[in-house]
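By letter and in written order, the chains are A, B and C; residue numbering begins at 1 in each of them.
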Amino acid sequence: MEAYLVAMLVFAGLYALMALGLNVIWGLAGMVNLGLVGFFGLGAYASALLTTKLLWPMPLGWAAGAAVAAAAGAVMAVIVARLRGDYLAIVTLGFAEVIRLVASNEIWLTNGTDGISGIPGPWRGAVTPQQFNLIFLGIVWAAVAVAFVALARVSHSPFGRVLRAVREDEDVAAVAGKPVLWFKVRAFCLGAAVVGFAGALYAHYNAYIAPEGFAPLLTIYIVLALTAGGVGAMRGAIVGALLVLLLLEGTRFLAAAIPGVTPVQKAALREGIIALSLILLLRFRPQGLIPERTRTRASP
Amino acid sequence: MTQTRIGRRAALLGAAGGVTSFAIGGKAFGQGNPVVFGALPPLTGAGGPYGPAMLRAIQQVVEEANAAGGIRGRQIRVVAEDDQTNPDAGVRGARKLIDVDRVTALMGTWASSVTTAVAPLCWENRLPLFTVSGADSITLLPHQGFIFRTQPNSRLQISTGADFLLRQGSRRVFHMAAQSPFAQSSQDVLVEKFRAAGGQVAGYVVYERDKTAFRSEVDQIMRARVDTVFLNGYLPDVTILLRELFRAGFDGRRFTPAYAVNQNTFQTLPNEVTNGVITWQPSPDVESGAFRRLQTRFGNVEVDPYSAQTNDHAALAILAAAAAGDATGVAIRDAVRRIASGDGEKVDNVTDGLRALAAGRAINYEGASGPVDFDERGDIRGTKFRYERAENGRFALMELR
Amino acid sequence: MIQDWRDLVQVLVNGVMAGSVLMLPAIGFNCIFAVLRYPNFAVAGYATVGAFAGWIANVQWGLPAGLALVAAFLVAGAAGLLAEEAALKPLRPSGALTVAIASVALTILLENVVRFFFGNSLRGYDLPVLRDWRFDGIRVNPQQLSNTAYALAAAAALFALLAFTRLGRAMRAVADNPQLADIKGVDPDRIARVAVFIGAGLAGFGGMLIGLDTSIDPLTGFRVVLSVFAAAVVGGLGSIPGAALGAMVVGIGEEMASVVLEPAYRTVTAFLAILLVLTIRPEGLLGRRG
């Protein structure tokens, strides 16, 4: 049981990192990113390939994962910065699918749908599986803490204030002399880097990655986490991630208790409950559990 | 070789020991905790069309074993989690099964990515993983004997399939492959086989599995003027391809793995479209009762190969635990080869198997998916293949060898 | 791979067939967008619901395909209306993006409602599979031709509704300027409900057309969703003729890609089409600025 809880907390930490990254892009800069899992995948693949094929040390691989995702984020931001939110949602959704397809088809680089196995983990093999879990729990949550402190600072810095201004009204920010595009690119870059870093950690925790793991469902979980926690507030991202994991895992035990339904119906109920809770959250607590305190928007 | 021999001797000792302890333990043992096995089939996502039947097969075997008295008096319980055809969800599900339910064997993983992601958890926690995944790389993992794969690896499956096609007189084949871990290795084997026989793989297309239109791909098949098309995909996409090939008037041979055309296909497509499609799958002997039994249980319909395999997963795990007299993961792993091959009494169901083991006899389980003999890597070997032709919503046996 | 003009024509024909299947969900998507100004990702779910409603009408009640399509339209439209009123409408004050995200969740919910009642097995309609007709080597399938006809007829009916009826004029007025329309005495709420009903209904109609050409399961809508979005964006969000044109562009583009490029990269073509159009003409082929 403890091993399970520890493993789930590792996952929650990874989700929290992703939610923090999304919060910079969406929460602060107001650009929706439904291609989150694409950046997550880029980070995972970059680190996995560099550490297994070029035998880079792990911390360098993780940094590279973040860097590759950041670079992709920058390119993405330049292309989409001019677009309205609705276009942005569709373009980023498509981007993630493209990343998955490239990972499936460029076998020379990514080993295709076979995926990459045997990705090293810190002290894996030298310690017991449970010790490895605990070590990774420490690493992931340390990363969450660092990202949280750093991003909370960013959020309250002049940079963060400009981003919020851009989010609320781009034209006003532009008139005030702020280079809107440049701010958006930097925000996208920063957010993507955090998500890419999460991807890198994921790869080294699981020891294996494959294109199928980077399906849009994960993006939805993270959006759910951020919405639940409260878009804009960094604490909200972390609370939301924990809540989502509780929901994902809790529905297992809940579904098991329902009598008289087939296993497929249980599985359907589980996924349905998760989707329904997102809708209900948006309905009854649109500001999230932890609303953004500095929220400046006058009208909802 | 030496290793197997030692294994067998140890096995006999173990079995003897097990019987003694059973005799001594008597009723107390019978009232022990249930043995818990974990099933991790895909109930949602791309594997959705297969997972439910795979799980049903497992549950039915367990019910049968419980009715026969369970594993040395201990009842068996199956806990199932949905892997969502996604390695991330699969790992979380496996963690729950291993750490919360304390299962001592995992079975029924389908997607290669899920199996590869879950495999390290199994060997780290020292419990066997029974899988139907086809990627060749799976049994090459450093799994310390914990992986048992009932699906033949692509080399074995494709080379026997190619031999069959060549025997049937096929010389020009078009390989239409869904994007999967074994698309390229299948192609390599196919080219090698056809070239050696003076034939040719006249076209090779890897397609995206999730798409709903394959018209231009079918045009390529038509233009290639082949005598055979090999549809190396899965149920939803092969269903579309068969319809499109029929419309285009393709009159050559259509050859496909048995999991890509099954009972569900017959319910979806008219017979005139499916008639003549040839499928192949690993198979037990004709006289084997295991397959017939499973078919009866499924309501006398065609059984897809994945369900036949998970039927064997459950049977293997139960019989191995019974033979070892111990339901721990390591005990099951060590006993699987002992009850799956060798010169023991041939049994094709858990009831007979449990009875023979209780009587202290060695057994050799022959399953619904084949003789299920495993090599040292955990791949099946020595299996026969069954070639069938679809005729008016049923499969008619063409060849078994 | 393209050796003579016939191959090219064949690819174009294939593309039109593929595009006409995408057309109705894309039009439905844009119809909702035009009036409510948010991307409703639940069109995938509505398409699946429509496909299953059509299946019940066709296979269980024995209705011919044409009538089953009407059932698909009505049931999906009703499902859309219900979902909109119960789940999405209350979120409108929180902004378009909130509604869009809820609609993603709604799609997953609908997929699983269908899964709960129907399971994962593939289902086919009760329809003979017809052989292709050949015109000088170009193959055209009568079934697909009739699907295209159904799609065009549904699209034409919508055009006629918008062009010639009071309701249509009111819808266009709300799409152009909701405030102004309100002043003129058009009830924007009523128009929104009509737009959602028609939009979701068309998605359901399109979902059944997809099913007629393939087979259906709970993932039917999900499989085409990216191509549908691409068609809507390429044509111009909110533009109904744009969605029709965009569907053709994406349909032909995808078939072209599978010949020139690699079939495994079909979806990438749709994405490239989006990027290309947005770079050159951000409002889409037939969209309006602003």
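Throughout what follows, a contact is a pair of C-beta atoms (placed from the backbone, for glycine too) under 8 Å apart; a residue touches a chain by one contact, two chains touch by 3 or more.
None of the values given here were measured: they were computed from a predicted structure.
Visitor: Which other chains touch chain A while also touching chain B?
Guide: Both chain A and chain B are touched by C, going by the contact rule given at the top.
Visitor: Of all chains present, which has the mean Cα position farthest from that of chain A?
Guide: B
Visitor: Can you check how far apart chain A and chain B are, centre to centre, with Cα atoms defining each centre and the answer in Å?
Guide: The mean C-alpha positions of chain A and chain B differ by 36 Å.
Visitor: Per the centroid of Cα atoms for each chain, what is the distance between chain B and chain C, given in Å?
Guide: About 39 Å separates the centre of chain B from that of chain C.
Visitor: Measure off the straight-line distance from the CA centroid of chain A to the CA centroid of chain C, and report it in whole Å.
Guide: 30
Visitor: Could you list which residues of chain A touch at least two other chains?
Guide: 101, 104-105, 262, 264, 267-268, 271, in rising order.
Visitor: Which parts of chain B, given as residue numbers and ranges, touch two or more other chains?
Guide: Residue numbers touching two or more other chains: 43-45, 48, 51-52, 179, 206, 208.
Visitor: Among the residues of chain C, pick out those that touch two or more other chains and give their numbers.
Guide: 112, 115, 119-120, 262, 264-265, 267
Visitor: Any idea which chain C residues touch chain A in the complex?
Guide: Where chain C meets chain A, its residues are 33, 38-39, 87, 90-91, 93-98, 100-102, 104-109, 111-113, 115-116, 119-120, 226, 229-230, 232-233, 237, 262, 264-265, 267-268, 270-271, 274-275, 278-279, 282.
Visitor: Where on chain A is chain B touching in the complex?
Guide: Contact set of chain A toward chain B: 1-4, 7-8, 11, 101, 104-105, 107, 112-115, 117-118, 129, 206-213, 215, 217-218, 248-249, 252, 256, 262-264, 266-268, 270-271.
Visitor: Quick check: in the complex, which residue numbers of chain C touch chain B?
Guide: Per the stated touch rule, the residues are 1, 7, 10-11, 14, 17-18, 21, 112, 115, 119-124, 128-132, 139, 141, 143, 210, 213-215, 217-219, 223-224, 254-255, 258-259, 262-267.
Visitor: Chain C touches which residues of chain A in the complex?
Guide: Residue positions touching the partner: 32, 34, 79-80, 82-83, 85-87, 89-91, 93-95, 97-98, 101-102, 104-105, 220, 223-224, 227, 262, 264-265, 267-269, 271-272, 274-276, 278-279, 282-283, 286, 300.
Visitor: Which of the residues in chain B end up touching chain A in this complex?
Guide: Its residues touching chain A are 43-45, 48, 51-52, 55, 79-82, 84-89, 91-93, 95-96, 98-100, 111-114, 116-117, 120, 124-125, 135, 137, 141-142, 179-181, 183-184, 206, 208.
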